[in-house]
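Given below, in the form of structure tokens, are the structures.
Shared chain: subunit A. Partners: subunit B in the first complex, subunit C in the second.
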Partner chain A sequence: MATYDFIFDGLGLRGWCGEKTNATMSMEDLLKARSGETTSLWDTPFPSLDNLHDACPAIAQTRGLTGGLENGFLAVKDSLKVVLDPITQPLSWFLNGALSMFQTVPWWIMIPALLAVVFVASKSWRLVALVASFILFLAFIDHYEHAMQTLAIIFVCSFICVLLGVPIGIAMSRSDGLQRGIIPILDMLQTLPPFVYLIPLIFLFSVTEPKLYGIAIILYAIVPVIRLTNLGIRLVDKDVIEAADAFGMTDRQKLYGVQVPLALPNIMAGVNQTIMMSLAMVVIASLVSAPGLGVLVLRGIRNLELGVGLISGLGIVLLAIILDRVTKAALARVNTSGQ
Partner chain B sequence: MNKQSLYALALTGAMLPMAANADCGEVSIAEMDWVSGGINAGVMEFLLTQGYGCDVTIVPSSTTTSIASVAENNEPDVIAELWVNSAPAYNDLADQGRVVKASDAFSEGATEHWLVPSYLVEEHPELATAEGIMNNPELVGGRFHSCPDGWGCRFVNDSLSAAFDMEGNGLEVFHHGSGETMGAAMVAAYENREPHFTYWYGPTSELGSYDWVDVEIGPYDADVHACNQDPECAENGISGFPAAPVVNVVTTDFAEREPEAFDLISNVTFPNEAMASLMAWHSENQATIDEAVVRFLQTEQDVWSNWVTDEAMANLEGLF
Partner chain C sequence: MSEQVKISIQHLYKIFGDNPEMALEHVKAGMGKPELMDEHGHVLGLQDINVDIVSGKITVIMGLSGSGKSTLIRHLNRLIEPTDGEVIVDGEDVLAYDENNLRGLRRSKMSMVFQKFALLPHRTVLENAATPLIVRGEDREKALEEGNKWLERVGLQGNNNQHPHQLSGGMQQRVGIARALTSNSDIMLMDEAFSALDPLIRTDMQDLLLELQKELHKTIVFITHDLDESLKLADHLVILKDGYIVQQGEPQEILLHPNDPYIVDFISDINRARVLRVRSVMDPTPSAPDNVAGEVDADDNLESLIAKSDGDTSICYRVMSNGEQVGVMDMKDLVKALVPTSAAEGGVRGNY
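Entry: the complex of A and B
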């Protein structure tokens, strides 16, 4: 006998409840059935869905709730797919294109090209030397290809993050209502374990598509660039805006001529964080078939190959240092040129 | 004897009077993080606790961590459902006499397959053999779904796909990032009636719930398969998959300390069919592993009643 039988008997709902039909039985019930003990007041279970279900089968179990969510999602999946599939398809093209470009260009073109980018961004020979030593080290221990795959994914995802994140941040800075609406979403994206939003993505898209991990990385990494763009523009001195108004600037002129340039250090800090966070997602993305250093980390974890795990982890750290230093150097140049 | 095991011994001594059978002490069982592993450990836990009066601790674990833990600390006592191909360290430990195999976890061992869904083979019977698939790659979607990095089957599949020249025949070899996406891809393809060609293993719920056709690769050749398994060996050939050994393992110390419990574990071998259908039931009913264990105990009594002693059977009387 279940604890809460008396509620349904007392309300005369026994007929509505019907007979117990489902076949599942927990270990606890099995043992209780033999001992024939009734539960004491001390052990009274909380009237949760599962416990009420024991007394009245018409009440759904908690797994009915999760199962219902799943079925609901599966029901709208097809129509959702019609909309989302074409919109996100370019992401797959970008990722495939970037991956094949980074892999087909021979190393003796790729490495100098990357170093040239570093020099243009930082104008610092010391940094170029540091980056060169890191990349050559990775190539020397045969991790060049994996590192390039990881870099390709990060370039594409960070670029799209900036492309989408900066306009969203600007829109947020101009409307308090929008800011109130978006901030909880940003909080959620940052705290929700990435695995949770990987599950619906696996249902929605074919697992062989690169956009699956692309979307996961972008959702996670887009947050800082939005936040810091919003913050940067809001922090622009009121007096400066007043002066711009006094000159009779239009809103558009104010945005591009005053607010964005003054907010640039903050926006660049956001870009730096976005790149770092997309790097942090590399290992998780490898669970849904992203190539790169994350695959090696996973192999290290799966087989307890300590060396493989440590070396590929070191590779990720080196990439992180490179990306961090280069974006910080670019940020420093923006700051000094602004003054 | 180290400090820890002395402590454990003292604790065991304190527990003894409380246990139903005075001669069974503490048992720790490593439970694998997949469904059949959970059922295996759950059934052992139930029979040992209720039938033999042991004090059982379940340790959530996985293949490599459990075997590493036994190698370093001689704990846990029992590893339920160890897939030997994924745990090469097991053979070393067995050679050193540190662990003993108690039983095979499945009557026919684990099975490995190349699979296509049955609806495809009904339309195109030639897809039932690997040769037929190589000649018609477009009928299976032009892609072979292969294992993630770090799985033992990755090497075998790489060798076989090279031997069949899959890429040359127009089949892209796609390496999944995890077993989860591989299984999800199978289920999604089957539900949508799409062409699909994949590696998978059994007993699993994917094999229990859906009808797949085992693609004929070729006869099993022990030497060729051994070479295919070894990433260093270059002379790859074509060989089917043998049944893979999956064992219930106990430490030698445990076998000596708890002979009765060891006897029980030596008998625990699930028929493949029963396990596959139980796992299919588990996923259809969204049941917990606990409930799947009860389901097995209730419906397959004639299987497990042969595992336990008469004395233990008497203790279990009245439960079913």
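Entry: the complex of A and C
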């Protein structure tokens, strides 16, 4: 009755397939059975799992695949958690610490402190004035608290991205094999829709734990800093490396004395990208209880509060401009002093 | 004059490709560079190189691009590993060195000057010059002091705190030379050190090198593609072509007795009067002829003698060295010596 019956009959596999139980006949099947029509060549369905299952119940249905994946994940979940929980616990502490610090320090200390950081990084009064006006504006419209939460998360996640990403990038630059292995993973991390990260993480960790969104942000944002560290070190002038070898530098001297300093502009460009991507992800992470401006955006969507959504969106844009300009100014300083 | 061999290169082969050992057998069986490329896809870099590099002298290795000269110099400090052969420095086989010994060799026995300067762009000029000592882990203050000394010695004052990109090419290469000198190594490898410089600055740098050499007596291995440069600098000249040595010896000797059409073509264009010395073309006889017009030094070049004689070919000069007569220079012989050995048929220049 099913399209592919003939294959199993022809191969003599009917016995292996088992008797068809027509208990779960669909309306479509019923109609077809009544009219007695056979499927025309034009309508031949693709021999997919579901269609083969119709002909031979021994073959699993597609929902068995997704179900199996789910069951498999649930089966290893507990043991995975035993390993992952302690490793990632510091992330929760960092995030909690940073969040509470950014919120408990009074605004009249916090804002000057942030401006001081901006000045140290950029040495530009114009940029300090720009950042001051943005932060004061956000504070003026009562978005200060949310903006600080977002900033706290970005600081922690970007810092950890750099901490992990730069050594991974260095290791990649030294081994072609490692590079071949890691690049597909990086490609996957970069192209996987951000929401998809959240699904297994929700299963692994409690939604109330900050590390849940911390991991999602780090996985998403770590890619550029790894890529650009690797690229930067590989692009260091071969002649200079040869000179370093000719004067008998050890690998360590070469790495810290030549390669990393010369790759610094590229690494900084990677850090800039990482910060921007963690800002993008922190908004999505509000779906899994990440605090900050993303919560307001989410509220705007859920409750169709147009004004709330737009204003918080504007706040994110302002934060993005601040972070981008400050890191770019720092990058420009690295570039001019490095050449 | 005892000539002590500092570096001895023996039967050195270098083949680039996936399976150099297999290719090496073919080469030793007499296969040439083009056949090896066509039949086995391997590039023959160096082929049976034997050179003795004498202590305290400038050995120039000359060849056109692709002749393997840069590959050869990189074998001396093993920036490139040979396929077969021996490199012996001060009686020790460099190829048997482990990583530590090799690093020691590079740190204290051999320094290198590069065509593209290869200074560290993020360090100041002074730090660059002090690099070899800093790499060795010596006291930073002392290293900088030493670097400063050599920077002044190569004629760079007041640029210490600039970065290399702020200097002109000639000045950058002075820093490169200062860096090599700071390491206080006996051996200096110079890989086309002056090729990237303007002609005038190049002449300046050559003079600087000769002047330094008069004082320091380093063992210098100098790579160049420029014949004039090699004749000016060389105590010992090695001419390389397609990875093998065409001829090596004293430059005057090569100039007067080229043993290969390739070299004949090469030297057909140079100003022989400036390069040839009286001692190479004189008649080495102690007896004095009657028509002696004066005395000349054995190391004078022919150009200066022509100027001295005012173009008169009928006269002779007594050739003196250290106050004694070592020969007689007939001006007629001098003029004959100026005629180059005729260019080879079908040689590099044969079709002109």
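Note that the second predicted complex is superposed on the first by the 320 of 339 C-alpha atoms of A that agree within 3 Å, B and C clash if a C-alpha of one lies under 4 Å from a C-alpha of the other, contacts with A are read in each partner's own complex, and residues count from 1 in each chain.
One rule holds in what follows: contacts are C-beta pairs under 8 Å (C-beta built on N, C-alpha and C of every residue); 3 or more make two chains touch, one makes a residue touch a chain.
Being a predicted model, the structure only gives us computed values, none of them experimental.
By the touch criterion defined above, A:V82 reaches neither subunit B nor subunit C. Shared-chain residue A:G248: touches subunit C; no touch with subunit B. Set against each other, subunit B and subunit C touch different numbers of residues in subunit A, with B touching more. By the document's definition of touching, of the two partners only subunit C reaches A:P261; subunit B does not.
After overlaying the two complexes on the shared chain, residue contacts for A:G67 are found with subunit B alone; subunit C is out of touch.
Of the two partner chains placed by superposition, only subunit C is touched by A:V240; subunit B is not.
By the touch criterion stated above, A:L41 is placed in contact with neither subunit B nor subunit C. Remark: subunit A residues 237, 239-240, 242-250, 253, 257-258, 261-262, 337-339 touch subunit C in the complex. By the touch criterion given at the top, residues 22-27, 29-31, 33-34, 63, 66-67, 202-203, 206-208, 285-290, 295-296, 298-299, 301-304 of subunit A touch subunit B in their complex.
Taken together, the subunit C residues at the contact with subunit A in this complex read 77, 79, 103-108, 110-112, 114, 116-122, 131-132, 135-136, 163, 165, 179, 183, 189. Across the complex, subunit A is touched by residues 42, 46, 50, 64-65, 68, 143, 145, 148-151, 174-178, 180-182, 184-185, 188, 285-288, 290-291, 293-295, 297-298, 318-319 of subunit B.
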